[in-house]
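Got some structures for you, see below.
Each of the two complexes below includes chain A, the first together with chain B, the second together with chain C.
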Partner chain A sequence: MKYIVRKLISFFVTLSLVSFLVFAAFAVIPGDPALSKLGTDATPSQLAALRGEMGLNRPLLVRFGSWAVSFLQGDMGTSYSYDRPVAGMILDKIPITLTLALMAFVLTIVIALPLGIYAAKHEGKWPDRLIYCMGQVTMAVPPFFLGILLTFFFGLVLRWFTPGGYVSYQSDFLGFLGYLFFPALAIALPKAAMALKLLRGSVIQEARQDYVKTAYSRGNNTNQVLYKHILKNALIPVVTFLGMTLTDMIAGSIIVEQVFSIPGLGRILMTSISGRDYPVVQAIIVWIAILVLVINLIVDPIYKGIDPRIRME
Partner chain B sequence: MKKEKNWNLIIGCVLTGMTIIFVLVGFFYTPYDPETMDVTAKLAGVSAAHPMGCDNFGRDILSRVMKGSGTTLVVAAGTVAIGTMAGILIGAFTGYYGGVLDEVLMRIIDALFAFPSILLALVFISLLGPGKYNVIVALGIAFIPSFSRIVRSQFLYQRNMDYVSSAKLQGASDIRIMFVHILPNTLSVLRSSVMIGFNNAVLAEAGMSYLGIGVQPPDASLGRMLSEAQSYLFAAPGFALFPGFVIIVMVLGFSLLAEGMKDA
Partner chain C sequence: MLEIRNLNIEFHDHLVPETVVHDLNLRVAEGEIVGLVGESGSGKTMTALAVAGLLRRHDMQKTGEILFQEKNLLECGRKELRELQGSEISMIFQEPMTSLNPVRRIGWQVEEALRLHTDLDQKKRKERALEVLSQVELPDVERVYRAYPHELSGGMRQRVMIAAAIICKPKLLIADEPTTALDVTIQAQIVKLLLKINRENQVAVLFISHDLSLVRQLCTRVAVMQNGYLVEEGRTESIFMEPKEAYTRQLIAAIPKIERVD
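Moving on, here comes the complex of A and B:
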């Protein structure tokens, strides 16, 4: 109980800190949003009026306070470039990016676990070496280039999917998931390569421990020892690593969305960064921070549950 | 038992060496001017005149890849330099002194660390605007949290060691103890994180330039070439493949090298 309360407090402290840092960063930059909205031929009085209207002449902390309160009420400000409420622009994009990240995460596990165990079982033999070499190369490929390669091979040569043929999740959910498969794969493969290398090493290391000999001497066969004894311990570092990658998956989605023309948070983030549309950038960053922190909040107890040596303090 | 050959180190050295030579030559000589357009050679395939073909403006891809990898390496080196130096300063002071300063700074660093560094870089880029030097600054700042944490944990561990106490007894100043006595002992840990950081910087720069918010023309950049090439994927696959493979070779070489040095 105490643990949960402490975690929640630290969640809110971190979230406020991050949103304040983001807010302050955007507040102190040179460049005047009123000027960029009105253009250079605006008269000084027009600018002053708009600045007043946008609340730009109040102190920073007051502005942050009122921004945070309206953010919590669902009002994330108004886009400078489109003059539309930011909430309406980004809320329906969050499920897209989140689904992509989660799918990539699931794929990472599905690829890494069996291959990692297989490689460890065949340590030093050719399947292990082959997996090792392929893993090393995969780790070096930037996810967006992997996306381009997948588009080229599966989209243009084999025609398994239509590049750019994004299906909206509101109209056809299965089609949406189908379109996300290759983008998710592009994000997942390099991470899977890292996870499988970690798992392989960890299984091999655990297999040299004394308890493994004991388990064998009790008449267990290799598979029983592996799945009942070794994996339990070998998975601990892998789960920690996976917990950390889940947040990277969100960052990865932002980039890979561009490769596959998926209209998620990444697309809108890029256009607003180029257009200096700060309210939108700010809201997206805070939303990503929320996602990242919620993920950490969920993942933390999981690996504490797996490893009883980490006490819940 | 015969010691197995350190293949990681060997292959890593070869690939990194090739990359460095490729980039160094590119600083002084490219087969063509990377900016000159040749309408007759638009999307030309691989040939003796253009070993990697030409792009949609008829510019020689090999020359552009040479220039672009140079940009990427410079950005990555700058990023790591900023990240490491600031990381050493913050990590050393917080780890050595502890106390309130440590509490406050580490809270902020932890909050930032929870955030994927490329996103952090995106925030800074949206503040600074795109361009080569801004990318270095943005990525450099984004890398500070992870380096600070590594250095801090090393300093926390080392500050109670006997050699530090004896240096204190001999009247060495705190600054001297931090940077002359403790810092050299953290270098082996720092070295591998610098190498990993370097790779992450290469990947991050390519990603940002691919998104169009990194290095801007006329500076050639591998990421940007990839984004331009994407529309011509079917007509001229080499336009995307060559810059992409150069990134892979660069990153692979460096990570094998890092791994090989760990085993050596």
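Moving on, here comes the complex of A and C:
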């Protein structure tokens, strides 16, 4: 109980800090929302009037305070560029980015676990070396470039999907998932390569521990020793890595959305940053922070489940 | 019950093959406790691992015979060997701190040999596990059953290892330096416990140690190894009272004695 209360407090403190930092950053970086709205032809008096109307003349803390109160009430402000409520613009984009990130995460696990175990079982032999080489190459390629390669090969050469033919989740959920497969793969592959390398090393290291000799002495065969004894121990560093990766994947999704023309948070974030549409940017970043913090809240009990030596305090 | 005949163990992991056990002959009768002593590198652990079927590296060669109940273990297939491991031949190791799986509950680990070698259901397995945990004199066995290894002390973990080793009532228990990592008072307790288990379960014990004072307390017969050779073998008292070999005399002389200063 104490643990949950403490976690919730740290959740809200972190969230407040992140939102304030983003707020402060926009006050410091050059660029004027009023100017980007009215264009360079606007007169100084027009600009000053609009700034007043947008509330930009008020002190930073006051602006932050009123923004935070509205945010908690579900009002994320109005977009400077589109004059529409921000909530309406981004809430239906969150499921897209979240699905993409989660799909990438699942693919990472599905690729890394079997290959990592297989490589460890065949340590030093040719399948291990082949997996190692492929992993090194994949790790070195950034997701957006991998996205371009996948689009070219599977989209344009093999025609397994139509580049740019995004299917909305409201109209066809399976089609939506199908379209997200290759973008998710682009995000997942470099992370999967890292996770499998980590798992392979971890399995090989655990196989040399004393408890493995004990397990053999009781009459376990190699697979029983691997799956009932070694694997759970070997997964501990991998789960830590995957926990960090999951948050990384949300950031990764934002970039890959550009390559595959997916109308998620990433696209709208990019256009809002260049248009100095601060309410939109602010809301998106706070939402990403919420997703990341919620993920961390979920990951902690998983660590505890896998390693009993970790105490939930 | 166990008869080792002309056992040779040779490693081929270097340019020149290295023989770590030469022509070893040793017998362990039913219910007997035999001590295998010698300094580090004398080949005693290699012999123990060979008997337990745990020396399966490709870069080594074993010749001779290890007859367990008239079956030559060196000629057994892996499956046949696994059927004996944990059920007929059990082993406990030097490091109780690392010999248990850190992420599995004690109960799960103690019951493992039952899961592998019997058809008992979960309830029966737990009953038997609690029974052996009591037999090794652990307090509050229900709590120990649910605990993880890191929640127990070194002495308790070694008791757990013994409980797990005897759960299927094996004929032979190989104890490879089971007290070396423990402090002196706990060592004495573990030795007493092994004696008790030997009597109650009629299990033969091959006790590997470099500590001759423990061997004297526990074993009925002693075999002394040096550089891979068996140099002397006989009843414990005669070895201690009238050692024939110079090396055995050196080992006995090396036992620390408490003497009065005046």
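For the reader, a short list of remarks on this structure follows.
We take it that the second predicted complex is superposed on the first by the 295 of 313 C-alpha atoms of A that agree within 3 Å, B and C clash if a C-alpha of one lies under 4 Å from a C-alpha of the other, contacts with A are read in each partner's own complex, and residues count from 1 in each chain.
As a working rule, a residue touches a chain if its C-beta (ideal position, glycine included) is under 8 Å from a C-beta of that chain, and two chains touch if they have at least 3 such contacts.
Source: prediction; values computed, not measured.
Three-chain overlay on chain A, with chain B and chain C fitting side by side and no clash. By the touch criterion defined above, A:Asn221 lies against chain C but remains apart from chain B after alignment on the C-alpha atoms of chain A. When both complexes are overlaid on chain A, the residue A:Val106 reaches neither chain B nor chain C. Looking at the shared chain after the overlay, A:Leu61 reaches neither chain B nor chain C.
Looking at the shared chain after the overlay, A:Leu8 reaches neither chain B nor chain C.
Looking at the shared chain after the overlay, A:Val294 reaches neither chain B nor chain C. With chain A used for the fit, chain A forms the apex of an angle whose arms reach the C-alpha centres of chain B and chain C; rounded to a multiple of 10, it measures 90°. In the superposed model, A:His229 makes contact with chain C only, not with chain B. Contacts of A:Asp210 after superposition on the shared chain: chain C is touched, whereas chain B is not.
Here chain B and chain C are compared by how many residues of chain A each touches, and B touches more. No C-alpha atom of chain B lies closer than 7 Å to any C-alpha atom of chain C in the overlay. Shared contact residues on chain A (touching chain B in one structure, chain C in the other): none found. Chain C makes touch with chain A in their complex at residues 52, 54, 78, 82-87, 90-91, 93, 95, 98-104, 112-113, 116-117, 148, 150, 161, 164. Residue ranges of chain A in contact with chain B, taken from their complex: 13-14, 17-18, 21-22, 25-26, 29, 136-137, 139-145, 148-149, 151-152, 156, 247-248, 250-251, 254-255, 258-259, 269-270, 272-274, 276, 278, 281, 285, 288-289, 292-293, 296.
Of all residues in chain B, only 107-108, 110-112, 114-116, 118-119, 122-127, 130, 199, 203, 206-207, 210-213, 223, 226-227, 229-230, 233-234, 237, 240, 244, 247-249, 251-252, 255-256 touch chain A in the complex they form.
The touching residues of chain A, when paired with chain C in their complex, are 209-211, 213-221, 224, 229, 232-233, 236, 306-309.
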